[in-house]
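There are two complexes below, and they share chain A, which is joined by chain B in the first and by chain C in the second.
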Partner chain A sequence: MAPSEQLRPDLWTTVNERYPGSMIRKSDAVALATLGVPLERARLCFVSSAGVQPIGTLPFDVAHPLGDFSYRTVPSNAVPSDLEIHQLKYPSAGATQDLNVIFPIERLQELVAAGRLGSLTPQFFSFIGYNMDPVRFERDFAERLAAAVHAQEPDVALLAPA
Partner chain B sequence: MALVQRALERLGTPTVSVTVARDITVACRPPRAVFVPFMMGHHFGVPGNAELQKTIILAALRLVAEARRSGEIRDLPYTWNLARRGAYTGES
Partner chain C sequence: MSLNHLMQASAAGDDAALIRYVRLHLGDGNEAGGRAEIDKAWIVALKALLPDPPTDYAFVRKLVAERDLATLAHLFFYVHFALVAASETWIHDGTL
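Coming up: the complex of A and B.
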């Protein structure tokens, strides 16, 4: 089966009936930014919507009907035992055993140590993907988070939409 | 996440996402993405397979250097079935 055949044409209808306007489509392409250095010298920032956060930080609000429009910073030198997950919308069985399946912080640290990547930004970023106000998400949250990531001066950003 | 990715790319940072929901990614049109047909919440593979996790990361980052058009989605040659059965134990 070709990947395009995995499209679920009824998904938008179904979800939009329950959460009007929540499923977005974009038809315009964003101009590609250029990677200015080889990966071996590049500084990487990781961004996740898996609800991973340092233990002791304010838990994401997983009960609010519109979601949680905040993000957490995660120190890139953290270890999995420093972190916990507050998110209900995806199967976290694997992440409970090995956080790297959704938030590969140890693998990124190892790739830097092995010289495959240059370095990591001091902070990674995390939020929850359940946000049911797409206008607010796009105009406010996405811009705020993108600015915060950009302020870490990454050469490249790796994102994992949970 | 695609909206964050689009905003970040506009600020000048090259980006790539790892997606397990190809149709949503097609609809939201991030600048670059790699697709793995893995279970939700398991974008980088299975617990304990560090080599597969690194392979997915590096494959995604390769697309940052190689993509020539915005919106490209590269399908990676891994299956959830084989990942769960312990394949892909060497970096490729």
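Coming up: the complex of A and C.
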């Protein structure tokens, strides 16, 4: 589908009008942690809201009107042909051609191979961003996801929205 | 529209707000598009039955009789997307 054919021009400038209450304003932001080791020795965990998942795992629920509050683990040694995208809410034609534009798993593997990055956690994480219950998202889903990421013992987490 | 707003609309009997949300969801943020998608799904459903193919009516009866309303509602949303996917005029960017 060509961009001009998209049904949702100006969506992002009017999202709060169309989906009132779905945008979260945070006044109590937590300070970013300081990286404790150089990137060349750091173990990185990648977290994405792009809806990327290993082929054969239960597809994200893109039909439910309130969204999907689950995540999938993605082995960090996976190749794009092992993975697929299940989401409806962002233009993904480019990502279908080259997954790295939205889920740069090969770029991260290359950085490790080149010695620019220490290592990758065994598992990465992915979910879909269409979640219409901000409270549940923050207090339940985000807590579960953070615990899962922490269990991978990363030095640094790279978060990428879709 | 967040869950909190939907719950408030439901409690207030504001069905217009609820159906607007459904259209926004099915139209990826475009209410008119969502309305057209609903029509499209029903047209696909009707056309599928016009040749009068054999269908598993017993399964349908059993499913509706045995499953809870929430699961059926979830199925209703999923079947909508499955029908519009079968229409070959898929407006969404991704896949089910």
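Some observations on this one:
Going forward, the second predicted complex is superposed on the first by the 142 of 162 C-alpha atoms of A that agree within 3 Å, B and C clash if a C-alpha of one lies under 4 Å from a C-alpha of the other, contacts with A are read in each partner's own complex, and residues count from 1 in each chain.
The definition used in the following text is that contacts are C-beta pairs under 8 Å (C-beta built on N, C-alpha and C of every residue); 3 or more make two chains touch, one makes a residue touch a chain.
The structure displayed is predicted, hence computed values, not measured ones.
Contacts of A:Leu58 after superposition on the shared chain: neither chain B nor chain C is touched. Contacts of A:Leu66 after superposition: chain C is touched, whereas chain B is not reached. When the shared chain is aligned, no partner comes close enough to touch A:Val37: not chain B, not chain C. With both structures placed on the common chain, the touch criterion links A:Pro91 to chain B and to chain C.
For chain A, the partner touching the most residues, choosing from chain B and chain C, is B. When the two structures are aligned on the shared chain, A:Ala142 is found in touch with chain B, with no touch to chain C. In the superposed model, A:Asp133 makes contact with chain C only, not with chain B. Look at A:Pro161: by the touch rule set out above, it reaches chain B but stays clear of chain C. By the touch criterion stated above, A:Val79 is placed in contact with neither chain B nor chain C.
Across the superposed pair, chain B and chain C both touch chain A at residues 6-8, 11, 90-93, 134. Those residues of chain C that touch chain A in the complex are listed here as 1-6, 21-22, 24-25, 27-31, 33, 74, 77-78, 80-81, 91-96. Residue ranges of chain A in contact with chain B, taken from their complex: 3-4, 6-8, 11-12, 23-35, 39, 44-45, 47, 49-50, 90-95, 97-98, 100-102, 104, 106-108, 110-111, 116-117, 129, 134, 137-138, 141-143, 145-147, 149-150, 154-162. Taken together, the chain A residues at the contact with chain C in this complex read 1, 6-8, 11, 15, 18-22, 51, 59, 62-66, 84-93, 132-136.
Against chain A, the residues of chain B that register as touching in their complex are 1-19, 21-32, 35, 37, 39-48, 50, 53-54, 56-58, 60-61, 64-65, 67, 69-71, 75.
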